[in-house]
Amino acid sequence: MSRLTIDDVISALETPYPDFEIASGNTALILIDIQKIASPEPFVKAAIKKGFPKAEVEAAVRDYTTRFWKAVDNSARILKACREKGIDVVHVHLEAPTKNPLHTAKVNRNIGLIVPPASDECKSLDQVKPIEDELIITKTNGGAFSGTNLDFILRNMDIQSLILVGFLTDECVAATAYHASDLGYDVLLVRDATATHRKEAHEALIWSLDDMCLKVYTTDQVLDKLSRIKSARKTS
Amino acid sequence: MSRLTIDDVISALETPYPDFEIASGNTALILIDIQKIASPEPFVKAAIKKGFPKAEVEAAVRDYTTRFWKAVDNSARILKACREKGIDVVHVHLEAPTKNPLHTAKVNRNIGLIVPPASDECKSLDQVKPIEDELIITKTNGGAFSGTNLDFILRNMDIQSLILVGFLTDECVAATAYHASDLGYDVLLVRDATATHRKEAHEALIWSLDDMCLKVYTTDQVLDKLSRIKSARKTS
Amino acid sequence: MSRLTIDDVISALETPYPDFEIASGNTALILIDIQKIASPEPFVKAAIKKGFPKAEVEAAVRDYTTRFWKAVDNSARILKACREKGIDVVHVHLEAPTKNPLHTAKVNRNIGLIVPPASDECKSLDQVKPIEDELIITKTNGGAFSGTNLDFILRNMDIQSLILVGFLTDECVAATAYHASDLGYDVLLVRDATATHRKEAHEALIWSLDDMCLKVYTTDQVLDKLSRIKSARKTS
Amino acid sequence: MSRLTIDDVISALETPYPDFEIASGNTALILIDIQKIASPEPFVKAAIKKGFPKAEVEAAVRDYTTRFWKAVDNSARILKACREKGIDVVHVHLEAPTKNPLHTAKVNRNIGLIVPPASDECKSLDQVKPIEDELIITKTNGGAFSGTNLDFILRNMDIQSLILVGFLTDECVAATAYHASDLGYDVLLVRDATATHRKEAHEALIWSLDDMCLKVYTTDQVLDKLSRIKSARKTS
């Protein structure tokens, strides 16, 4: 006989965030920081350079590396389907507007995270390269909405719902998800198209957000939803 | 012999968010949703009304209830010290501006969380009652910055750092913390002056935020910092 | 034979801002600062107290006073029609949240314009008193969007167009109009339901805004548009 | 014997916006839309193409053309002095992020003002070309603050005062000025480093803004202020 938990009580009392429709012209796919800088490679190299034994570092990051590249592949699958169905695509990137460190947001300047403009590490990972006329929004802080004009652009496009993928679950993705739902967007967060270093932090965040202020789905569920969209919007 | 973990690697590579000074005229204490509606009582009553056995419900929420009231007491201790030292105080409350449900933000309207104006559940818990000329900012969404003029008021007061306490760690507090740090505030989140239903979610969020975009301290550490402030600002 | 002016050239080259539909559920009436503090009386009294001869002051303000009270009456006529047709109504008021001068925006603190909370001068003029469940948004700065959560509330209500009335044409009304159109709202500014001290400043502003970023109409034209709305929205 | 006017009464009663210091590290120069698209040439060409007689068009725009180029020269003089004194410089430009018309703000899309990315008309006028590491902020709407992350960047740089120059006085400059002062910036608007088509509209706007929410100075006065700054800030 299983004991009643606080989760059971909450589930019984709360109204889950309702499901919503995804549609061309109403929905945008937001790819967050799927850039070289977010990939595990520079991270692993830096650790080895710092003196950690290579084998141990690789063992330590193995689980994260697997989850990261799986999330990149899933983001790429969703990106492909969105392009086919006329869902607007926005690439959000960490990238400073100039080399002047004062032009990077305090929050990242304070931890030394300054990403020079047009540097190699700014580039999109090959799996999700932007194509012509897809928006690229650069930022120097965490959340995609607080240091950019992303909200301004999306509302002027009449976008009302968002599909969120990218990195890291408990940093830029979480900041973006909380803010997006507060702004009134219906948000669909793709559980296996995002990742963070610690699996527990990823799971905890997903658990907290799901049904509280947004919907969490798997890549396969999102692809299924996208497959049911009939016709793409013709742009002007 | 202990194995290298991804946490060890991250700790060795990253620059932690730097410490910062707390001072009268520069710092504000933000109390988030420390209201009757956030307390466990209505929650427990609703569960019992729904048919769950009283003893089982009480057992299920015991750990949360303990952490919640401890966090209220800690918030009250910090509030008292801030008042003595001339640190500005802002009470952020869930409360709709009118009874029209359209005047509540979509995100909360969607889950049925509508808090009528001037209702009993809006009230501050007794431990942290506002006093004259303390700001009360009402909101109908999660984060304290996205649906209010809180940022406008704080920057017009020249506030540059924030002490955050209140509820729930992984809902309104997290949304506020991510947003505040992105806006450029130095944020001090008080670990044991906030809580959420699941202890794991609380711990995971604290772990993710700490040293990434803000500083996490205990109530005792914050009280120690406050005790070292010499003189209070004279208003006007 | 009349000479070609730069106005003729501009008119021939530019696309005027297009007309748009007003509808219950999509449109909100925004009444800006139609409060005792905006009326000519305190102004006239202060001038006399300062030593200016009463007759001369009254002569000096006669034209403004006439235009002001005409604009109040016109605002009241539009308010009545909006209520009948289920157009949402928002009263924007100058009013500080507390007596602490730091809680007033710098811009108004700098010129000594601090309006104490719940003071007599805060009150709506009798002609446009708010009724139950109409939103009252307080501000301590000029524009109705930059120091409040007005935009947040309107977008969460799915409001897409605004009717603007109130005071002063070249201060709070202009700041609100520019900002509203930039945010993506279709704005209808009511020429004779707003006024400012100098008639030339009023006329110049109306001329600049009209067809550039919004539509300007007379009260009679707006009442005609409102009369053609068929049914009022039922609020949930 | 001159009669008392409403202007006399206002001047006697109101506290003018106070003067403020300009300093490296605290002040930024904002150049608004000083681009080919804003210059009278394309405008004159279009009018002639439309069938207006060349001589008449030139006569009609002569006054504006003179004021426009004088304002460009004055902006260039201020820009040079700011660079010498280490005042941060921001170039704000009308320019769409992509060729997709939906990525232009509604307000400008509605009047057909779509400025393709990297087009010739986007370019800065030669007199005020950006140099390395000067910020260029692009926008597709009127005000420089409402559709960009300009405010985010400036506050993260600890900028507290702004010098505004550029075009047009009663469109983008006015929208920017009202918004900037509402946000809490001390704003210095340079009377003869801005212009608009109709001289009356320019004069009226300057009259309305001056001492209400900002300070208006001439280019010579601003150059004098700049000349008294002692040392430039060393970046990082």
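A, B, C and D are the chain letters, set down in written order, and residue numbers restart from 1 in every chain.
Just so it is clear, contacts are C-beta pairs under 8 Å (C-beta built on N, C-alpha and C of every residue); 3 or more make two chains touch, one makes a residue touch a chain.
Because the structure is predicted, anything quoted here is derived from the model rather than measured.
A.B. asks: Have a look at where chain A meets chain B and say same if over half of the interface residue numbers show up on both copies, different if under half do.
C.D. replies: Chain A and chain B contact each other through largely matching residue numbers.
A.B. asks: Measuring from the mean C-alpha position of chain B to the mean C-alpha position of chain C, what distance in angstrom results?
C.D. replies: 37
A.B. asks: How many angstrom lie between the centres of chain C and chain D, each centre taken as the mean Cα position?
C.D. replies: 25
A.B. asks: For chain A versus chain C, what separation do you get between their C-alpha means, in angstrom?
C.D. replies: 41
A.B. asks: Return the residues of chain D touching two or more other chains; collapse runs of consecutive numbers into ranges.
C.D. replies: 105-106, 141, 146-147, 152, 156, 183-184
A.B. asks: So what shape is it, when you link every pair of chains that touch: line, ring, star, complete or other?
C.D. replies: Contact map by chain: complete.
A.B. asks: Spell out the residues on chain B that touch chain D in their complex, using ranges where they run on.
C.D. replies: For this pair, the touching residues of chain B are 152, 155-156, 183-184.
A.B. asks: Give every residue of chain C touching chain D within the complex, in rising order.
C.D. replies: 3-10, 12-18, 43, 46-47, 50, 52-53, 56-57, 59-61, 63-64, 105-107, 110-112, 141-143, 146-147, 170-171, 174-175, 178-179, 181-184, 196-198, 200-201, 203-205, 207-208, 211-213
A.B. asks: Which of the residues in chain A end up touching chain D in this complex?
C.D. replies: 88, 97-106, 109, 132-136, 139, 141, 146-149, 152-153, 156-157, 235-236
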